[in-house]
Amino acid sequence: MIDMQGVYKTYPNGVTALNGIDVKIDQGEFVYVVGPSGAGKSTFIKMIFREVKPSKGIVRVNNMSLHNLKWKRVPYLRRNIGVVYQDFKLLPKLTVFENVAFALEVIEETPKVVRKRVMEVLDLVGLKNKARFIPDELSGGEQQRVAIARAIVNHPKLVIADEPTGNLDPETSWEIMKILEEINATGTTILMATHSKEIVNTIKKRVIAIEDGMVVRDEHRGEYGYEI
Amino acid sequence: MMNIEVNTAMKFRTLRRHFREGGKNIQRNGWMTIASVGAVTTTLILVGAFLALMLNLNQMADNIEEDVEIKALVEVTAEEGQVDEIKQQIETIPAVSTVEYSSKEEELNELIESMGEEGKTWEMFEQDNPLNDAFVIKTEDPIETFDVASEVEKIENIQEVNYGEEIVQKLFQFNKYARNIGLALIIGLVFTAIFLISNTIKITIMARSKEIGIMKLVGATNGFIRWPFFIEGLLLGILGSIIPIAVIVSGYYYLDANVSELINFKFVSLMPFNPFAWQLSLLILGIGAVIGVWGSVMSVRKFLKV
Amino acid sequence: MMNIEVNTAMKFRTLRRHFREGGKNIQRNGWMTIASVGAVTTTLILVGAFLALMLNLNQMADNIEEDVEIKALVEVTAEEGQVDEIKQQIETIPAVSTVEYSSKEEELNELIESMGEEGKTWEMFEQDNPLNDAFVIKTEDPIETFDVASEVEKIENIQEVNYGEEIVQKLFQFNKYARNIGLALIIGLVFTAIFLISNTIKITIMARSKEIGIMKLVGATNGFIRWPFFIEGLLLGILGSIIPIAVIVSGYYYLDANVSELINFKFVSLMPFNPFAWQLSLLILGIGAVIGVWGSVMSVRKFLKV
Amino acid sequence: MIDMQGVYKTYPNGVTALNGIDVKIDQGEFVYVVGPSGAGKSTFIKMIFREVKPSKGIVRVNNMSLHNLKWKRVPYLRRNIGVVYQDFKLLPKLTVFENVAFALEVIEETPKVVRKRVMEVLDLVGLKNKARFIPDELSGGEQQRVAIARAIVNHPKLVIADEPTGNLDPETSWEIMKILEEINATGTTILMATHSKEIVNTIKKRVIAIEDGMVVRDEHRGEYGYEI
């Protein structure tokens, strides 16, 4: 599914966010990405759907080498990847419904299917009754759940979530985790950056720990592992 | 076969979505839309007013030029038969449109009249008229005056040919300059309008560059993003044309109805309200729509590389 | 005492900060700044070009009006002493500026010359000149022509007074209309410019409404937020004036140097480059700066209520 | 310090976020606000610095009734309150340094004092070496720390933090908590909305639990209290 070899990333301002990453993730895996603030987790994640291009190294997703991928093809790559952004990235002038529907409209689903599927997903994240609100009218946690709904609405092969529970109370967090586990059970690959020791240590999965842009640990059924 | 049909159906559905979305954006962007439409409106009023002014001035210049005529004086010695012959000869010149005979008595009367007060002094010469009989010639296109005049001059029994060489030449020259300046102004103004409108639209789209980036991250193709902007630009242009068209049609209607009272020169006559005002309206609508679409689609391009 | 001093010092420091911040915003906003300056530039070029054109046309109209003169014909029976007396009498009319005597021979020569080809016919009357001696009178202000003419008419031994009543009246009327239309155009254009510039600036500031809200949440007063925008608007206006001034000064310089070659009418003469071009530049700079500041400060107001 | 009596808030879209809140917080207290996503924590917090006006009820801060407070005086109220916003609210075109300095510039500090104090605070949150970056060049956690730095830079009497550790790894979170405790020790009131059970249960302070816009629990040295 995902294959990175010797990936480096230096941003234009000179900051080296990734410092030689070699990672292989198979279809159907559930992977946590952990590490301190500024370690490079988000940068690592952004490589996969080409929001960020590596300065050096090879990134392969779905057996496509992103290096040769033409600009025109990038949208089709992204349609197979549902992403929950750390800063949500909701469209501010669209309603909750429209935001989630957007991911289905780009793949030209019929309005009927769009309607049904969007309401289904909004129900799943507990926001069915806020479908007509715009993001500014939502609480932080509600916005985050809209982002989650949009990421999973079109049944992507891969769901990437960058701290999807950062703004959620524990109870809602567990509900979201349950959803992700269910999706994972149907064969979807899940990649999730998180700071929640509790989640990582409770729902045991593969853990990739990144520090200073390097993978310092990669364990199956790992622990969060940073002692307080 | 099946596949192609399904594909077309999908595309039509999506096209409808783009139209709906483009229309909604007009509402969603509230203040931005008002500001854009305001810029289009003001600019098009300016362009429209100037186009109307320039086209009318141009027509007036045409009218004045059409008043130019050649006067061919007949030799005093010419007999009646010869005069008829001259007329025929003049008429065979291709560029000539009308030829009219004017006897020396008519010529004197005209002279006296045209001189006003001072002319009276010359009335005493009615007995002993020193003028010649003459032909008054008009050409099909005023610019042919010079050629026709020199042709006529060669005809036998023509004593001389007058068409106020200097004045006519100056007039034509002046009109040429005036037309060139007018054309330059209009072209300059239209380009300014294009720049100002697309510039305004560009800013409103720049303000949405983040949103465009998000759409791309969610998997939208460039075409998918561009379409609603295309529609939005079209609507902005059309909305922005409404007031200019209303202003120009009603203003022109008022002027057309009252111009004879307002200005009493015989050479001031406006182009007829119908069809001129409608043609101008169509032109303005066209300019608005085209610039709207163009400004919108051009501006969005910059932000699609995400 | 101490307190006040400290306070003033603080204010000056903050003022310096506002100037610095306003300048930095010009850089920070990159594309937005370019778009705003572009709008100001285009609009001011338009305004400047039209102002230059209109002011020059106005001056040409003035020139033409100044050519208007009154011709007072002296009775044939008047003796030499009486002629001198007439002259003195004319000169006492307050609005008269110059009076020149023109004998009937001079009058005939002028007539023959002015009629061109056709004039030659009248050369035979040199022996038996039917014309009168005349005075050519100019008034201080052309508009006084009518009054002066009727005054002169009353003088003894004046046979009649000619000044082409109809033509002159039409000319004045035409010039009046032309001036009014020109003035309306300029006023319309300046208001359009004001609207377009402040509209553009408004959009760029709208795009920053979130930032203004954040500043207020961090404890900034309205004045504190407004100042950098004030400076920014001023800079936008000034930056946007540079190209228009350069275009107008150099364009006008070129025209001024070449106008006699380009257009050969005696009544076409431009206003002198110095000081006209400089005054116009100053005016454009003023318009740019004032609208820039005004548009900026007005637009920011809307977003301060947070 | 803070005194709310019978406060209700209904947003223009009809959502009632606060449903009769009575709360009194004294100078120098350290208070957690907890509750599920969308309970009204952020709304409650926004009342205090007048980002949101109550539909009904009395809010008093620093012995000023916010009801009668003139628009012109609002900035002066806000200068005594340092706020860490849930969505950070950094100025996107200013550098980290400039963002933090802004809070000092509004109170017309001398450039020298500004420089010194800003670098001091950036050091405290571990971002001294990123002072010249703009927010877009920072990771989520780094942006959050800039927001914290700006909130405390001008020694406010009251620091309000809306989930200040949502994007931070546990280690950095504890460092931030240490900073807040230190500030609290000097007499500053701290009000902090959080979803972190771990923090609330470890650093025991007063806990106000909000649910459906009402205070359902208010305990000194309380627990996070929501069982998973």
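The first chain written gets the first letter, and so on, giving A, B, C and D; residue counts start at 1 in each chain.
As a working rule, a contact is a pair of C-beta atoms (placed from the backbone, for glycine too) under 8 Å apart; a residue touches a chain by one contact, two chains touch by 3 or more.
The chain list, named the UniProt way, goes like this: A, D = Cell division ATP-binding protein FtsE; B, C = Cell division protein FtsX.
Just so we're clear, the structure is a prediction, and the values are computed from it rather than from any experiment.
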Partner chains shared by chain C and chain D (touch criterion as defined above): none
Chain centre separation (chain B, chain C; CA means) in Å: 26
Averaged-CA centre spacing for the pair chain B and chain A, given as whole angstrom: 61
Computed distance of Cα centres, chain C from chain A, in Å: 66
Touching two or more other chains - residues of chain C: none
Set of chain A residues in contact with two or more other chains: none
Chain contact graph, described as a line, ring, star, complete graph or other shape: ring
Pairs of chains, among all present, that meet the touch criterion: A-B, A-D, B-C, C-D
Residue ranges of chain D in contact with chain C within the complex: 49, 51, 71-72, 74-76, 78-79, 83, 85, 89-93, 102-103, 105-108, 110-111, 150
Chain C contact footprint on chain B (complex, rising order): 31-32, 35-36, 38-39, 42-43, 45-46, 49, 116-118, 121-122, 124, 130-131, 160, 162, 164, 166, 170, 173-174, 177, 188-189, 192, 195-196, 199-200, 202-204, 206-207, 262-265
Residues on chain A engaged by chain D in the complex (per definition of touch): 11, 13, 15, 34-38, 41-42, 86-87, 133, 137-142, 145, 162-163, 166-174, 195, 197-198, 224, 226, 228
Residues of chain C that touch chain D when the two form their complex: 10-11, 13-14, 17, 25, 28-29, 211, 214-222, 224, 305-306
